[in-house]
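What follows is one structure encoded as C-alpha cells, with my remarks underneath.
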Amino acid sequence: MFKVMKKLTSLVAVVAVVFAFTTEVMAAKKSKTLKNTQKKGFVRCGVSQGLPGFSNADASGNWTGVDVDVCRAVAAATLGDANKVKFTPLSAKERFTALTSGEIDILSRNTTWTLSRDADIGLTFVGVNFYDGQGFMVRKSSGITSVDQFKNGISACTNIGTTTELNMRDFFNSRGISYEPVAFEKADEVVAAYDSGRCDTYTTDKSGLAAQRTKMSNPDEHIVLPETISKEPLGPVVRQGDSVWEDIVRWSLNVMIEAEEYGITSANADSMKNSENPAIKRLVGAEGELGAAFGLDNDWSLRIIKQVGNYGESYKRNIADTGILPDRGPNQLWTKGGILYVPPAR
Amino acid sequence: MNATVRKLIPQLITILVVVLVFGFFTINAQTNMDNRGIEFGYGFLSQEASFDVQFSLIEYDGSHSYARAYLVGLLNTLLVAFIGIIISTILGVIIGIARLSPNYLIERSAAFYVEFFRNIPLLLQIFFWYFAALRALPLPQDAEAIMGVFFLTIKGLFVPRFVWENLDVFFYSILAVIISIVVIKNYARRLQENEGKQLPVLYISLGLFIILPLLTFLIGGVSLGFEIPVIKQLSTTSFVYEGGLGIPPELIALTLALALYTATFIAECVRAGIQGISKGQKEAAASIGLTPNQVLKLVIMPQALRIIIPPTTNQYLNLTKNSSLAAAIAYPDLVLVFAGTALMQTGRAIEIVSITMLTYLSISLSISVLMNWYNKRIAITEK
Amino acid sequence: MNKLNFLKPDKENLHTYLYIGSSLFFISILDVFLGAFFQINITSFLPEFLSFIFPLIIGLIGLHLIRIEFTGIKNLDTVNKNINTNTFNAVLTLLIIFVIIKSLPPLMSWFIIDANIAGDTKEACTGTGACWTYIKIWMRRFVYGMYPNDYQWRINISFILLIALAFVGYIPSEKLKKFLTLYYVVIYPIIAFILIYYLISGGAFGLEWVETGAWGGLSLTFIVSFFCLIFCFPVGMFLALGRRSQLPTLRYISIGFIEFWRGVPLITVLFMSSVMFPMFLPEDFFMDKLVRVIIAISLFEAAYVAEVIRGGLQALPKGQYEAAKSLGMGYWKMHIFVILPQALKLVIPGIANTFLALVKDTPLIFVVGLLEIVGMLNLAKTNPKWLGFAMEGYVFAAIIFWIICYAMSKYSYNLELKYKTER
C-alpha cells in the first residue's frame, strides 16, 4: 500500500512537473516582443524623419500623425497608456534594418506593402492604415495639367530606394518618355531640389506630396496632378517570427477601423458599454474574452478607442484638419464608399 | 620554457581569439538570418535592377542586372576620381610652386588658399558647392551662353558634343604619334650620349602631334562636327537643353569640391618636395651656367619628383575614397547606386556592404602595390 | 637733365622715375578702388574694354618705371625684389591686388552691412545680405542638437570639467609628474566616460535620461571626436607594435587589420556599423547607435594612428633597442620606458594631424542619422519657417570648423617646433 502510494505520488509529481513545464513553455511561446515591451515600459516605434500628417514632431518633441497613432494604439493596448511610446526617426535606408536588428518593434513609417518586402527580408506587413497611390507634383506656372503632357527630357526628383523610384521608371518606360531621375536619400533634399527648379516634377505617394507641399517656400504655387500611377498601400510592419506580436499590432489597427464602423468614438466609448449590439459590446470589452488571445486584459480595445480614437478621428485630427488631404478618398469605410473593410473582432 | 614555445604561445592565443571573435559573429549572423528567413547569397546580382540611374557612362537602364548597376556606379566613381585627380594635380602644382615664390603677395595668396580650404571639412565644401552655389544658377531659360555654346544652368553644364566620323582613324593616328614620340625620344637620348648633339625633341613632338592628326582630317576621312545644345521647351516654365552633352551639377559640385580640397594637400607635398632639395644643388647647377628654368627642369624637378610622388599618390587614393561622399548629394557613384539604392531595394546589407568595401580595398591595395614598386625602382638609382 | 628713357629706367633720374612710376601705380589702384567701393568709373570716357584693362596697363607701366635695381633706398629695393622682379610678377601682383579690392565690397556688404541680426522671425531679415538672425535663433540647436533645453546645463558642466581636467598636466610637482602618462591614458578617459554616461546621458541620480538620438550639434562633434581619439590611440599603439613584432601571426594580423581599415572610405565604415553590424550581434543584445559609430570610427582612425606611430618607431636608431636589451629589459619594459616615450615625442605632429582629420571627418556621421552640426544645419535649412538660408548656415559652420582646425594645426605646428629642438 505504501509502495503504491509512493508510486502514485511520484507519478502525480512527475505529471504535475511536466504539465507545469509545458504550460510554462507554451506560455513562454507567447510573444517575446510583448514581454520585452512590458518589461521596458514603452513601445519602440520607428517613424519617419518628419512627414506632416503621418509622423511629425513639433518643437517640444511631441509626435503626431496617423502612423504615430498606430503605435500609440499598440501602447494603449499592451501597456495601458498611449503615451508610453518611444519614437525613433529613421531614414529610408535604415528603416528595415532597424526593425530586423531589434532596434524598434514596430515600423510605422508610411511603408508600401510589396511582395518582395513581405517575403524577402524577414518582415511581415500587418495591415494597411492608408491606401495611397503615386502621383506627380508640378508647378502651376508650368501649365501642365496632366501626365500626358510630360515630354522627353523631363527631370524628376524622388527618394532613392523606394517603390516610387521603381514605379517612376515603369511609368516613363511604358509611355516611351526619356527622363532624368534625380534621386536623393532624404525627403527634405528632394523637396529642396524640386523647389529650386533643379527638377521639373516631384514624385512620391500622393499623401507625401500633399504633406511635403506644406514645407515648400510657396505651397500655392504647386499642384498635384490628378493621375495615380500605382497602388501604394501603406501600413505598419513588424519582424517575422513573433506571431502574437503581429496579431496584436494587426488587431489594434483593425479595432480602430471597426470602431468607426460602429460609430464608437473616444467620447462615447464608455457609454457604448450599454449598447444593444453585441459587436459593439465586444469592441469595448463589455463582452467576450478577446484580449486573452494575445495575453492582454479585456479592456485593451476600449483603451485604444478612448485614448487614441477611432480611425476617422485619427484621420481627421492629423490629415483632414491640417489641410493636407481633406477628402478621405479610398480611406473611407466600405459602408461609405471607401475600401476600409476589416475582419470582425470576434 | 625554451624560446620556441615562448614565441608560439602568444601567437596561438591571438589566433584563438581571432577565430573565436569571427566565429561568434558568424554564428550570430547565421542565427539572425535564419530567424528572419533571410538567405545569404550573391545570386541577387543577376536579378533585374528595376531602377534607373541619372548619369551613366555605359548603356544602362532598369532592365539590366544589379551587377551592371554596380559597374555603372564603379565607373562613375572612377570618372570623378580621374577628373578630380587631373584638376587637383594641376592646381596643386601651381599653388605649391607659388608658395615658394619670392613674391610676397603670391606666396601669401597661395598660403591663404591652402589654409582656407584645408581646414574646412570636405563634406561641408561639397554641400556648399551643391546646395548653396550651384542651386543659385539660373534656370535653363534664363541662362546666358558662354562663348555662344556653353550653358551653365541649374540643371547642369551643357556643352557641345563632338560628333565624330571615322573616329578610329583619328585614334590610330594619335597612337602613331605617341609611338613615334617615344621612338624619337629614345633616339635623341642615344644621340646625345654618343655624340653630344641635342635634338629639339619638344618641337618635333609638338609638330608631329599637330600635323599627323590634321592629316587624318584631310585625307583620312575623319570629320568632327559639333552638336550644339539647343533649348527645348517642356512646358510653360520648364526648359531643357537638347543635343550636346549635359554634365549634371552633382558631378560638377563633387569634382570641384574634391579638386579644391585635395589640391591643398598636393600643394603641400610639392612644396615639401622642392624644399627638400638641398640648396647646394641649385648653387652647383647655377655655377655650371644653367639658366633658372633649366635648373628647375633638369636638376630640381627630377629629384623633387622622388620626394613628391609617394605622398601625392596617397592623396590620389584619398581623393578616390573621398568621392564616396557623393552619397550625400545625388551623384550616382558606387556608394549611392550600389550601397544605397540597391541595398534598400534588396535588403541584402551584408553582401552589398562587403562588396563595396572590397572594391575600395582593391583599388587602394593596387595603388599601394604600384607605389611600392615605383619606390623600389627609384630607390636603387639613389645612393 | 639727362635723357629720360622710359623703356629703361636707370639710376640717374631716380626720383623722376620713382615719382611718375609710383603715381601711376597708385592711380591704377585708386581706379579699381573707386570702381569697387563707390561704383565710380573715372575712365568712363574710354570704350568699355579699354576702361576695364586701363588700371592694369597703367599699373604695369608704373611698376616698370620703378623697377630700378640697387637704388640704395631700402624700402624700394625690398619692394622691387619681392613683387616686381619682372613683368610676369608685376602682372600677378596687380591682379591679386585688384581681385582683393574687387571682392571686398560684396563680401563686406553680405557679411556685415546688409546683414540682419536683430529680430525673431524670417521677416526680420529684410536686407539682401546674410540673415544672421537665423543663426542666432538656431544657435542653441546648432550647439546642443535636440538635447532638451532644460538639461543643457549638464552638457556645459561636463565640458567645463573635462577641459579643466585636461590642463591638470601643467600643475603638479615633480613628484607627481611620472603619474602623468597614467593619468592621461587611463584615468582621464575613465573620468570622461563616467561624465558622459551619468551626466550627459543621465538615467540615474535623479537625472532625466536623454537618449543618444537627441544628442547633436557641436557638442556631439566634440563628444565623438574626443572619444574616438582616446580609444583609437591605445589601439593604434598596439597595432603599430604588432606590425613591427617578430612573431609572424601578430605581424600579419596587424598588417591585415591596418590595410583593411585604411583602404575603405569612412562612409562605408559608417554604413557597415549602422546597417550591417546589427546582424552580427545576438538577437537581444542591442547596442546604441552612437556607441557603434564611435567604435567604428575609432577602429578606422586607429589604423591611421598605427601607421603614424610606426613611422616614429622606425625612426629610432637601433642602438636604443640594443642598449635597452643589454640592460636586461624585457619586451614590455623596453617599450614602455625607453622606446615609446621617444617615438611618441617624434610623432606628435603626425598624431595631431590625424586628430585634425578626425574632427574634419565627424560631419559624416549624419549619413547614419546622428545630427552633429552639419546634420543640424541640413535640418534647420528645410524648416518651413526658415527656408532659403542655406548659405548662412554653411558659412557659419565653415567659420566654426575653420577656427577649430586652424587653431589645432597651429598648436600642432608649435608642438612640432618645440619637440624638434629637443632632439
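Which chain is which? They are A, B and C, in the order written, and residues in each are numbered from 1.
The definition used in the following text is that contacts are C-beta pairs under 8 Å (C-beta built on N, C-alpha and C of every residue); 3 or more make two chains touch, one makes a residue touch a chain.
All values reported here derive from a predicted model rather than from experimental measurement.
More inter-chain C-beta contacts link the pair A-B than the other of A-B and A-C. The greatest centre-to-centre distance from chain C, using averaged C-alpha positions, is reached by A. Between the Cα centres of chain B and chain C there is a gap of 24 Å.
In whole angstrom, the spacing between the mean C-alpha positions of chain A and chain C is 45. Contact of a single residue of chain A with at least two other chains is seen at positions 93, 97, 100-101, 185, 189, 192.
Multi-chain contact residues of chain B (touching two or more other chains) are listed as 32-33, 35, 131, 135, 327, 343, 349. Taken residue by residue, chain C touches two or more other chains at 275, 279, 281, 283, 367, 378, 381, whereas all remaining positions touch fewer. The residues of chain A lying in touch with chain C in their complex are 36, 61, 86, 88-91, 93-94, 97, 100-103, 185-186, 188-189, 191-192, 195, 214-217. The touching residues of chain C, when paired with chain A in their complex, are 146, 148, 211, 213, 274-275, 278-279, 281, 283-284, 286, 289, 367-369, 378-379, 381-382, 384, 387-388. Interface of chain A with chain B (complex): residues 92-93, 96-97, 100-101, 116-117, 120-123, 138-139, 141-144, 149-151, 153-155, 160-162, 165-166, 168-170, 173, 179-185, 189, 192-193, 196-198, 200, 239-241.
Within the complex, the chain B residues that touch chain A are 32-33, 35-38, 50-54, 61-62, 131, 135, 139, 154-155, 232, 234-238, 240, 242, 249, 327, 329-330, 336, 340-341, 343-347, 349.
Against chain C, the residues of chain B that register as touching in their complex are 7, 10-11, 14-15, 18, 25, 28-29, 31-33, 35, 101-106, 109, 115-116, 118-124, 127-128, 131-132, 135, 321-322, 324-325, 327-328, 335, 339, 343, 349-350, 353-354, 356-357, 360-361, 363-365, 368.
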